[in-house]
Amino acid sequence: MGILEVKNVGKRFGGLQALSEVNLSVKENTVHAIIGPNGAGKSTLLNCLVGKLIPDTGSVMFDGNSVLGRSPHEINQLGISRVFQTPEIFGDLTVLENVSIACFAKRDGAYSLNAFGAVNKENDIREAAEHILDDVNMLEKSGMQASSLSRGDKRRLEMAMCLSQKPRLLLLDEPTAGMARADTNNTIDLLKTIRDRRNITMCIIEHDMHVVFSLAERITVLAQGTPLVEETPDNIKGHPKVREAYLGEAQV
Amino acid sequence: MDQIILQILNGLDKGSAYALIALGLTLIFGTLGVVNFAHGALFMLGAFCTVTLSRILGLSKEVIDETRTDFLGNPLKVDVPYIYDWFGESAGAAIIDWAVPLSILFSIPIMIAIGVAMERGLIKHFYKRPHADQILVTFGLAIVLQEIIKYYFGANQIPAPAPDAFIGSFDFGAAIGMDPGAIIYPYWRIVYFFFAMILIAAVFAFLQFTTFGMVVRAGMADRETVGLLGINIDRRFTIMFGIAAAVAGLAGVMYTPIVSPNYHMGMDFLVISFVVVVVGGMGSLPGAVLAGFVLGILESFASMREVIEFLPGINQVVIYLAAIIILLTRPRGLLGRKGVMED
Amino acid sequence: MLGLEKKDFNLLLIVAALVVLAPVLLNPFPEGSAMAQFNAGYPDLMQRFVIFGIFAIGFNILFGLTGYLSFGHAAFLGVGSYAGMWMLKLLSINVIPAIIFSMLIAGLVSLAIGYISLRRSGIYFSILTLAFAQMAFSLAASVLTPITGGETGLQTNLNDPRILPGFLGGGSSADGNIPKPSLFGIEMTATYEISVGNWLWTLNWGYAICAVVMLIAFYISIRIFRSPFGLMLRAIKSNQHRLSYTGLNTRPYMLACFVISGMYAGLAGGLMAAMDPQVGAERMQWTASGEVVLMTILGGVGTLIGPVLGAGLIKYFENIFSKINKATLEMWFSFAPDWLEGILVSIVYPFIGKGWHLTLGLMFMAVIIFLPGGLVEGGKRIGDWVRGKRGKAANDGAEVKTPAE
Amino acid sequence: MSKLNITRRGALKAGAAAGGALALPTYLRADGHAGFTNAPGDSSVTLGFNVPQTGPYADEGADELRAFELAVEHLNGEGDGGMLSTFSSKALDGAGILGRKVEYVTGDTQTKPDAARASARSMIEKDGAIMVSGGSSSGVAVAVQALCQEAGIIFMAGLTHSNDTTGKDKKANGFRHFFNSYMSGAALAPILANNYGTDRKAYHLTADYNWGYTTEEAVRTSTEAMGWETVAAVKTPLAQTDFSSYVAPVLNSGADVLVLNHYGGNMVNSLTSAVQFGLRAAEANGKNFEIIVPLYSRLMAKGAGENVKGIFGSTNWHWSLPDAGSMAFTRSFGTKYGFPPSQAAHTCYVQTLLYADAVTRAGSFNPCAVAEALEDFEFDGLGNGKTLYRGEDHQCFKDVLVVKGKENPDNEFDLLEIVEVTPAAQVTYDASIFGGELGTCNPGA
């Protein structure tokens, strides 16, 4: 039994069947990658996992709770954090404030709305935020306005915000999309560090096979809205079905 | 029954004015992303094009009439328009009588020029600025425009009657087989409705069937992409602003016989036109037109005696109430698209 | 100090000093001089400065922090005024119950309107608030006349009940005149004048009370801006999307912010009723809502001090420029020969008196064109210029958006 | 070229020790003469003229302001003296008021009670005005009147027609020369009966605010008393500009008379709509359909153009009145400004003169003394014939003009012709019928 169980999920947009019969099981504390050609339904699937879309059929269970019909903040409170394709950060605020908000939302191990309850904890929150920033090597940038960061730093900041909440499942939507090679390698290193601590489950959607094979422990290949195979990286590499699905795509 | 038909006619008539103003506002909203608080002032300027033209036509020389006296008892100075000298008295009088329709021709170049000048001189610099700044600068401009009009024309209303040929009413009841006199409707208001329909159709046709229109529509859908195609979108937006100003101006020109214009008429329409645009759906031209007519008809029905007696005050609030209900049940207005101006 | 950082505390001190010294600062010209026309240090206008300052501070908590543009905020001001007025009529002539109730009632009304309006964002939110406020205005001016006094407005009367005991301001006065709003016997209109040389300074009890309330309101607003709550609100403005993916439900924050802002407006309304016992429905019209938007933008959206400055400037124009007439102009220019005087008067005349709207409109345009961040931006540029960093600041003026200064 | 440099404060300055600080409670400060607010100095006195300078009534306000300026000129002995020579009281001598030169300050009411009060307060608090006058709506009049009562100065109402001003909202410090809704109804009814018969069915359109209510009530009561029937009364929003949806149903309602309880812009627009819908030309119940406008404003009726012709209404005063006072005023106003004065201008001019006269007769600026001099004061020669300032409610009682839109105007100002001058006795009512309490005069302590 995995921490995330997707059963028979289907989603239709008008005449297009975006997802059909998707079954997926993500084991706790593993790195699971979902790959597939353009239009395979990867992003649709991810949106169904975080409550942005509601599937027409099937169920999505996280640790025994259904996530369907819950609003994004409730799903987040279950322990699912998401990193977006384009980094979603608070551009007008400083780096430190960005992370503080995440630390504030989940403080003392629980989510709390009460802003006034945090008045006396401002120092604790600040310390926690600085600690996380130190972890991702961004402490020296803590006073900068977030929108002025490089793309790689924005991604790093977004991850820091997610990690500060100690999520049980981290969803990453093409974490290295549009990045320079050096930034990509840095990101891979960062994710490896996180993975090696072994207290988090990661689910990565990725185009870049270099990233996938450096990180993933299990890989699901999605094509035309349906899972094709689910295997370890080594077995995926020469798999005939995968070759067929990616025919014409350069990266494999 | 006759009351209901009558109020539908009234609603179509009010709706025409709302739709025309909202149409221009949506063109600016949708294409340029600018919150233009000066749009009501453009409507007002259109109406004052009529006033100006009838003043020009009425430019007069003074002739002393010894048989009559003015209010102080002195011999009366009678104004004789120069135009009488040039065209003869009867032709001259006819031209003055037709001042309002003539103003259509007079106002189009003026309004386009005003629109283009506004866009080039001011609005252009505010595309990238926050909406708050746009509101402040266009509101300031609206005040300035209306104060200038007030300075020259005063605060009171100025009559601008329709040509004599259009004075009087059409017996609508008889035309549709009801009792004669049951539904009569003023000619000029019928003219206004058809004029509005033609103008709206012209704008739609222009956007639908010309390359220019196609680019603008594409620009409304996705400004960045069109910009990337290397099309000079700026120049087209300028023209669009001119067209929007002309539409608002023409709406004002034709409205003068219905309500005598004063400098304040633009502000009176400003709030309502924003409500119409939003109820129709941001960036949706058909939505703006539809909402204009829907709200016009609702307003007319709410002002029926039977309705007011049942719900006192409903005539004061019906438009706002309708706006609230529509926005709560249809989050993006009647025909709006997702994601336009939601932040 | 007071839980504030040094910079904020200094700002509070500056504002406090300005408020305390206002009677002197606003009367810079000696009595009887030609420029005395520009003196603003009389009780009514000073009260208006601080009351509209409170209104704008509250509006800025909503608009400046969250970016939600309410176009119906005047409704809460009006509701607060009516509530305060009824307290003056029913309970006692003492201003304290009036001010407290005006805040409470405005808070309740803003809770109801906010609950509905906050289901939408962006321009849709603005139109919803506008619609509610316009409905409130239209009904108050017509159908609700028995409660609101209609277009004529609500006033205190000789035969109002005022049920509280006399020492708390109940009852009616013995001399056949309507009692004036007071604080335990001190009338709001009580005024002392100090004259120094040719200068005359007015000290007024009503202003003193408004000023104290305003300083408290300003202090609370600083605390809100700097608190985690304020940080959350700024996060909503910056990226509401991300906030909900961070596990926070934004609606309660927005609603709390909307209600706080509504209560500020109610407080301002209550003070207006207490300073001048007359409430008219036009206080709720969309133009009044628009005015507070303009005040905030003019001063500087999202800055602490900006809205107060904007409120002051607009009220100054409304009250000072509208009172200049042709005879005043002729007096100013009487130094010049007659022909020149005539020219000068006819140049300036369109901009004063009945033309004060024109001046206001031109000022809006000038400020926003040349100072994108409003008056605070202007102040900052002067500051930078003084420090010799002029070139840098002027170049990136449009981009600089310090969220809370 | 008037000089404005000496105000109350200017006068005060002379008495203050230079360089030293002098703190005085207000009531002591005022004690130059007799313990009342803003007691003037020895050389000049300041009056406050509070008129709409922006908004829809700006032109009417401008006309009021012209009248005030003219009145000040005449009081100071400049110009041709206007009505001073025809006024029955001869106390005024053209040397200012009680030997003090008259100066004035102006403000903008914006036709909003709030703004009007702000402006009036600044006149009282900053400029030291001893009397405030002007205004172009009842909402403003009631609001400013209450303020003047509170501050302890005299309010001489400008154009305000609602019964409330001297009815339920009357104040001891406030005085109104203008007539009111009740008088309009009482004066109009007999004329309407004469012209249109007693068997008529009326349809009222009423502006949805206080003045509209009192006017509808007055016209209804007086027309019903002579046999008319009221078919319906519909309230229209004050902000309405296009009245089509209110006017359209009238013809099929069984009514044969339309009463437009509208003023200013509302009146222009509703009348225009009514004429467009053919009501003027229509027949109903076998009679010609008629339209009535209870309160005319000549200034704004111009906006309705041809549409006013033949329509009955009432007005406080008209420049074409043949009495000596009216002629003198029209001549001096017309000579100075080039067009005849409006009724708003007339009432403001007269109010200023009446105030000055009362001060002179009382020998004091003390509001209580002035009020006493005005109460039950009878005068003549100010354009409305014999007039009484009734003490019980501070309302003037005088003849009321019933007018009709002129069919063949001689010039552009000649819009109304006088049909009848209804004698004062016919429009007098019992002071108690509208309720309200006058209270006692407040000198401001």
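Letters A, B, C and D name the chains as they come in the text, with residue numbers starting at 1 for each one.
Heads up, the rule we're going with is that a contact is a pair of C-beta atoms (placed from the backbone, for glycine too) under 8 Å apart; a residue touches a chain by one contact, two chains touch by 3 or more.
All figures in this text were calculated on a predicted structure; none of them were measured in a lab.
Undergrad: Let me spell it out: compute each chain's centre from its C-alpha atoms, then which one is farthest from chain C's centre?
TA: A
Undergrad: For the pairs C-D and B-C, output the one whose chains share more C-beta pairs in contact.
TA: Between the chain pairs C-D and B-C, C-D carries more contacts.
Undergrad: Once you find the CA centre of chain C and the CA centre of chain D, what distance in Å lies between them?
TA: Centres of chain C and chain D (C-alpha means) sit 33 Å apart.
Undergrad: Using the average of all C-alpha atoms in each chain as its centre, how far is it in Å between chain A and chain B?
TA: 52
Undergrad: Would you kindly tell me how far, in whole Å, the mean C-alpha position of chain C lies from that of chain B?
TA: One centre to the other, that is 34 Å.
Undergrad: Centroid from C-alpha atoms only, then distance chain A to chain D, rounded to Å. What do you get?
TA: Roughly 75 Å separates the two chain centres.
Undergrad: Multi-chain contacts in chain B: which residues touch at least two other chains?
TA: 312, 316
Undergrad: Any chance you could list the residues of chain D touching two or more other chains?
TA: 58, 208, 235, 237, 239
Undergrad: Considering chain C alone, which of its residues make contact with at least two other chains?
TA: Touching at least two other chains: 138, 142-143, 357.
Undergrad: Touching pairs of chains, which are they?
TA: Chain pairs that touch: A-C, B-C, B-D, C-D.
Undergrad: Give the list of chain B residues in touch with chain C in this complex.
TA: My answer: residues 35, 122, 125, 128-133, 135-137, 139-144, 146-148, 151, 271, 274-275, 278-279, 282, 312-313, 316-317, 320-321, 323-324, 327-328, 331-333, 341-343.
Undergrad: State the interface residues of chain D toward chain B in the complex, per the touch definition above.
TA: It comes out as residues 55-60, 208, 232, 234-237, 239, 241-242, 244-246, 248-249, 251-253, 265, 268-269, 272-273, 276-278, 281, 299-300, 302-307, 319-320, 330-331, 334-335, 339-340, 410-411, 413-414.
Undergrad: Okay, in this complex, where on chain C does chain B touch?
TA: 63, 67, 69, 116, 119-124, 127-128, 130-132, 134-135, 138-139, 142-144, 286, 290, 293-294, 297-298, 301, 350, 355, 357-358, 360-365, 367-369, 372, 398
Undergrad: Would you tell me which residues of chain D are touching chain C in their complex?
TA: 1-7, 9-10, 12-13, 16, 18-26, 29, 53-54, 58, 61-62, 65, 104-108, 112-115, 117-119, 121-123, 125-126, 138-139, 142-143, 146-147, 149-151, 162, 164, 169, 208-211, 213, 235, 237-239, 437, 439-440, 442
Undergrad: Note which residues of chain A are touching chain C in the complex, please.
TA: 50, 71-74, 76-77, 81-82, 88-93, 97, 100-102, 104-106, 111, 113, 115-116, 118-119, 122, 125, 161, 165
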